[in-house]
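Have a look at the structure below, then the notes.
Labels run A, B and C following the written order; every chain starts at residue 1.
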Amino acid sequence: MSDPSTASIVSTPRAEQPTETVSPVGAPQGDRKEKPRGLLGDAWLDLRRKPLFWISALFILLFLLMAAFPQLFTSGDAVNGSLDRSLGKPSGDAWFGYDFQGRDVYARVIYGARASIVVSVLSVLGTLLVGGAMGVIAGYRGGWVDAVLSRVADVFFGLPFVLGAIVILTTFNGSGTSNSQWKIMGLVTVSLIVLSWPVVMRLMRSSVLSTKEADYIVAARALGAGTGRIVLKHLLPNCLAPLLVYGTIMVGSFIGAEATLSFLGVGLKSPVVSWGIMISESQSFIRVSPSLLFFPSLFLVLAVLSFVMLGEAVREALDPKLR
Amino acid sequence: MRVSKRASAVALSAAVALIASGCSSGDNGGNEGGSGSADGAVTINGVQPENPLVPSNTTETGGGKIVDWLWTGLVEYPNNGGAPQNAVAESIDTTDSKVFKIKIKENTKFHDGTVVKAKNFVDAWNWAAYSPNGAANSSFFSDIAGFADVNTTDPDEDGPKKAPTPKADKMSGLKVVDDWNFEVTLSAPTAVFPTKLGYSAFMPLPDAFFTQKAEDFGKKPIGNGPVKFVSWEDDVAVKLTRFDDYNLRDKMKIKDVTVKMYQDEGAAYNDLLSGNLDFLETIPTSALAGEKWKSDLGDRAMNTVTPSTAFIAFPIYDKRFQNEKLRKAVSLSINRQEISDKIFFGTRKPADSWANPLTPGAKPGNCTVCKFDPTQAKQLLQEAGGFQGEMVFYYNADSSHKEWMDAVAQQVKTNLGINARAEGVPTFAVFRQNINAYKMKGPYRAAWQQDYPDVENWVNPLFVTGGSSNDGKFSDPQVDALAKEASGAPSLEASHEKFAEAVAVVDQKVPTIPIYFYGQQSGHSEKIKKMELNNVGEADITSIEL
Amino acid sequence: MGRYLLRRLLQLVPVFIGTTFLIYWLVWSVPGDPFAGKCGERRCPQQYVDFMTDKYQLDQSIFVQYATYMKNLFQGDFGQTFGGRSINDIIMTSYPNTLKLAVVALLIEAVIGLGAGVLTGLRRNGFLDNLVLVSTLFLLALPIFVIAFVLQWLLGVKWGIVTPTVSSEMRITELLVPGFVLGSASMAYIARVARTSIAENRRADYVRTAIAKGLPMRRVVGVHLLRNSLIPVVTLLGTDLGALMGGAIVTEGIFGINGIGRQVYRAIVTKESATVVSIVVVLVLVYLLMNLLVDLLYAALDPRIRYE
């Protein structure tokens, strides 16, 4: 759907971007004028000059603020509704209208940011850490370590998501348990990580496999570099690209996965709200009130887009091949 | 009580459609051919039966519907919900509501050509009641003398699950007189017994049933109804065709019926709109919203009421809910009209009586706490000493109860100032298990649809001490005494009078609170010119005309 | 190579046992008594519960249950559902349907995702790039039921181009819409990963050499660039076939396809360990074989990777 604000974020960098990214093609690596500053320093220098980075970072900051202090953005009541306002149209009081239960959609979207962002970002970080580490170890060490880790991943990979989630969450978060909001978010995060790390692991492993025979790695090894140094300094930066890409998009999938769990009755419990829950709840009213679906989806897409863009910028800055 | 007694597998909608609604498609080949009405064919939506089709073992809607079509019982329930009429039975006579002399019509046939005789009823009932056969409907026979001898339970709940073998395999209360007559003796007078006989548990079984395993029979069932079984492709379709030797009232006006299995109502609805399906029993919420279905279907939209009621039940075993004033306060704080209008788009009616008003013997409007009166509610809450802590309303999340339960919790919160919210329990099985084990920690949703049309079915199981569905452990000596008197009354009229008195006491004690009466929205294709729904809202296939 | 293959095939055995046991144990620990909800709002007769418990050995310890299950499995018998249906039959009828749907989805996803990825990777940050990004992200962010509902409503009911549901013959043309719906969520991943990979390799020495040699662009991209950029894409696609098959529940429901999704879900909530394990086991075999295939493809795609 056409949303002017999304379009503009994406297209702003267009003007400057080509000079940024196309020029390195001709420029040989390592031909930089500044004195060497290490990987992160370089990356930061690079990032500072990218409008894409700043815009996406700004949006993410905005979403983080929303998650931390929703009161700053709305004075509305996200929890209590009144049926006489059910499916009310947008107005001065409620900018996005009212949902089926007569709750203020704008307030709910704002308050929904917390659960959605916290759960998805933490799950993605966890998945990347666990899966990435396993992938590096499996890919780099090879042999029986690779075999064992890969097969363990296979076992987890075979678990149906719904089954795994129901069992993990009902064991710790069944009905009648009075876990706090944060504890439930933690449990949901853990189950998402447990059930999704194998993909990242396989992705990382494949990257490592194709990189580890590269000349610079062989050279580093010949020069007597330790395993830790090779992995951290040489292997990781070169393998991070697909991982970052995958990870940032995964933010979007996890927001949806969280909603699925909540709808099954094993995830977040009312009055906690999330974008995913709002989208699921709008399901029956697509034909009558498409705005119920539109607004949370808009925020979700904006957030995912910001993460993807940020990931893209960071990746380009980190990746030595693109310098 | 098909909604309640048969576990409703069809009610999967919003929640499950999101995460899981596997579904099957059927081929509708061969349905389009019929030109004349007499050779016509229709496709009707259905749900894959969970078990082989044995009447006394069918406890869910998917299979129940097909069983109802394949069999005709001693009595039948008219589509308008009135008093039962004789079907296979020629006459059912009693003088004391204890001994019933049943005479059946001569020369009605099973689909395999054998004649329906008195012993087919007696043998079928004995089989169902005999506990080693594990029939899920066995408790329907508990009225009959000698039931305890054939149906035994595990004496110690915790030990190894082995019930002792029953000392008899036939109930002493059943006696075959000759081919067309048999006699039933009950262990206590029960005026409503003849009314029960139309329920699927009481269907006759052909001799062929007893020569094979019940499961094998259930995959190729042989009934005595207006249609006979043709084939059953799992998850795809069950095919039925007219039984030409049928000689009772309700003969088929068309020839073939295909029951196409769906699990997603949305898919079935879209098939209905594009002419791939001829009848859909339940229109999905997405089409009910904003009355879209009426504009989609025009005069093919069917709106009916069914004899079922949704309740909120209280765990009275929890001492926080033992004060009847609190229960009254909760009931009075719920605006049923608003829930009916906004949540159900007017398709379900606000409840105002204890037994569903469609049931014979039920008195409409006898629920005095079903009105909306927040002022009195607050006052009652104060008299009850308030409510400490959080009041959580539970529902099963695998069916579409979230919307109305959320609304109820919100109204209680707004109108009483109690910290209330609704919470879903993942599956119906877990939900029921908690209820069965008396472990509910808050009010919860319940629904009741009559098994047989009589007010008795709305009092004895629900409000009498030890009743089969009295899950909240409500107990009141006055209700018990009146209900006992009513059940043993010599005539149905006298019985109804006494039940009305019992309900008046229930109204003062508020063991549960009625919320809404179910309605049913169905639709049919342009092909069908005329059709009726039966007393519980299933398609009456014998009424279909093309 | 041959030894590698043999070793991998041998490794399937412990994975097979590990997965089946894990899943058996998980289903076993799903809370709820499978027969508590069978009789609606009424308690089931205790005799019925006892009868069923005894019949399916549910009062035995999980190890005994699992051992019995495995014993039958090796004799080619997957067991029975609580409704008395043979699980072999269920697998025989529903697997081909799901597999067909998943393959169609995978093809659609590969063609669209890879096409979009290559186009945008070669011409990054252009209008097309942004368009692809936003549209694939929208597909990703929208829940599958929304996409399915909209397409089914518009194409099936409003315009009548396709039948809303798929018939039991499962014609390929009928599967295009469900396949697109099922594959839509993964398109964003494929497009993004392909784009990144292409963009990176675009600057690799061999590409520059190829261009410098004066090879036509088509050949450079088609032979040199694509082949070297495919590794992460192939990994994703390979793992995705299994994920598509296991995740087709919603799509199958909405389009009325008689697949494994409904069977697994139904079996999970009713605690039918045998059904869940049997269906998932076959699914796991698909995963494993796909993974093996992917690993072998690495060597084919990238000469630097060698298996010994």
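Everything below uses one rule, namely that a contact is a pair of C-beta atoms (placed from the backbone, for glycine too) under 8 Å apart; a residue touches a chain by one contact, two chains touch by 3 or more.
The structure displayed is predicted, hence computed values, not measured ones.
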Taking the mean of all protein CA atoms as the centre, name the chain whose own CA mean is closest to it.
C
With contacts defined as at the top, give the pair, A-C or A-B, that has more of them.
A-C
Could you pull out the chain whose C-alpha mean position is farthest off from that of chain A?
B
Where the CA atoms of chain B average out and where those of chain C average out, how many Å apart are those spots?
39
Separation of chain A from chain C, taking each centre as the mean of its C-alpha atoms, in whole Å:
22
Using the average of all C-alpha atoms in each chain as its centre, how far is it in Å between chain A and chain B?
47
By the touch definition above, chain A meets two or more other chains at residues 162, 166, 170, 174, 259, 280, 283, 286-287
Return the residues of chain B touching two or more other chains; collapse runs of consecutive numbers into ranges.
17-20, 286, 398, 426, 430
Residues of chain C whose C-beta touches two or more other chains
31, 143, 145, 149, 153, 249, 264-265
For a test of understanding, state which residues of chain B touch chain C in their complex under the given definition.
1, 3-8, 16-28, 49-52, 59-60, 131-136, 138-139, 151-154, 160-163, 215, 218, 233-236, 262-264, 266-268, 270-271, 273-274, 276, 286, 398, 426-433, 436, 446-448, 461, 468-469, 471
Within the complex, chain A is touched by chain B residues 13-15, 17-20, 284-287, 289-290, 292, 335, 338-339, 341-343, 394, 396-398, 402-403, 406-407, 410-411, 413-414, 421-426, 430, 434, 439, 441
Please output the residues of chain A touching chain B within their complex, sorted ascending.
80-84, 86-87, 100-102, 162, 166, 170, 174-176, 259-260, 263-266, 269-271, 280-281, 283-289
Where on chain A is chain C touching in the complex?
1, 6-7, 10-11, 13-14, 17-18, 21, 24-25, 147, 150-152, 154-155, 157-164, 166-167, 170-171, 174, 198-199, 202-203, 206-207, 209-210, 213-214, 241-242, 245-246, 249, 252-253, 255-256, 259, 276, 279-280, 283, 286-287, 293, 297, 300-301, 304-305, 308, 315, 319, 321-322
Would you mind writing out the residues of chain C in touch with chain B in their complex?
31-34, 36-48, 50-55, 59, 82-85, 89-90, 93-94, 143, 145, 149, 152-153, 156-157, 160, 163-169, 249-250, 252-266, 269-271
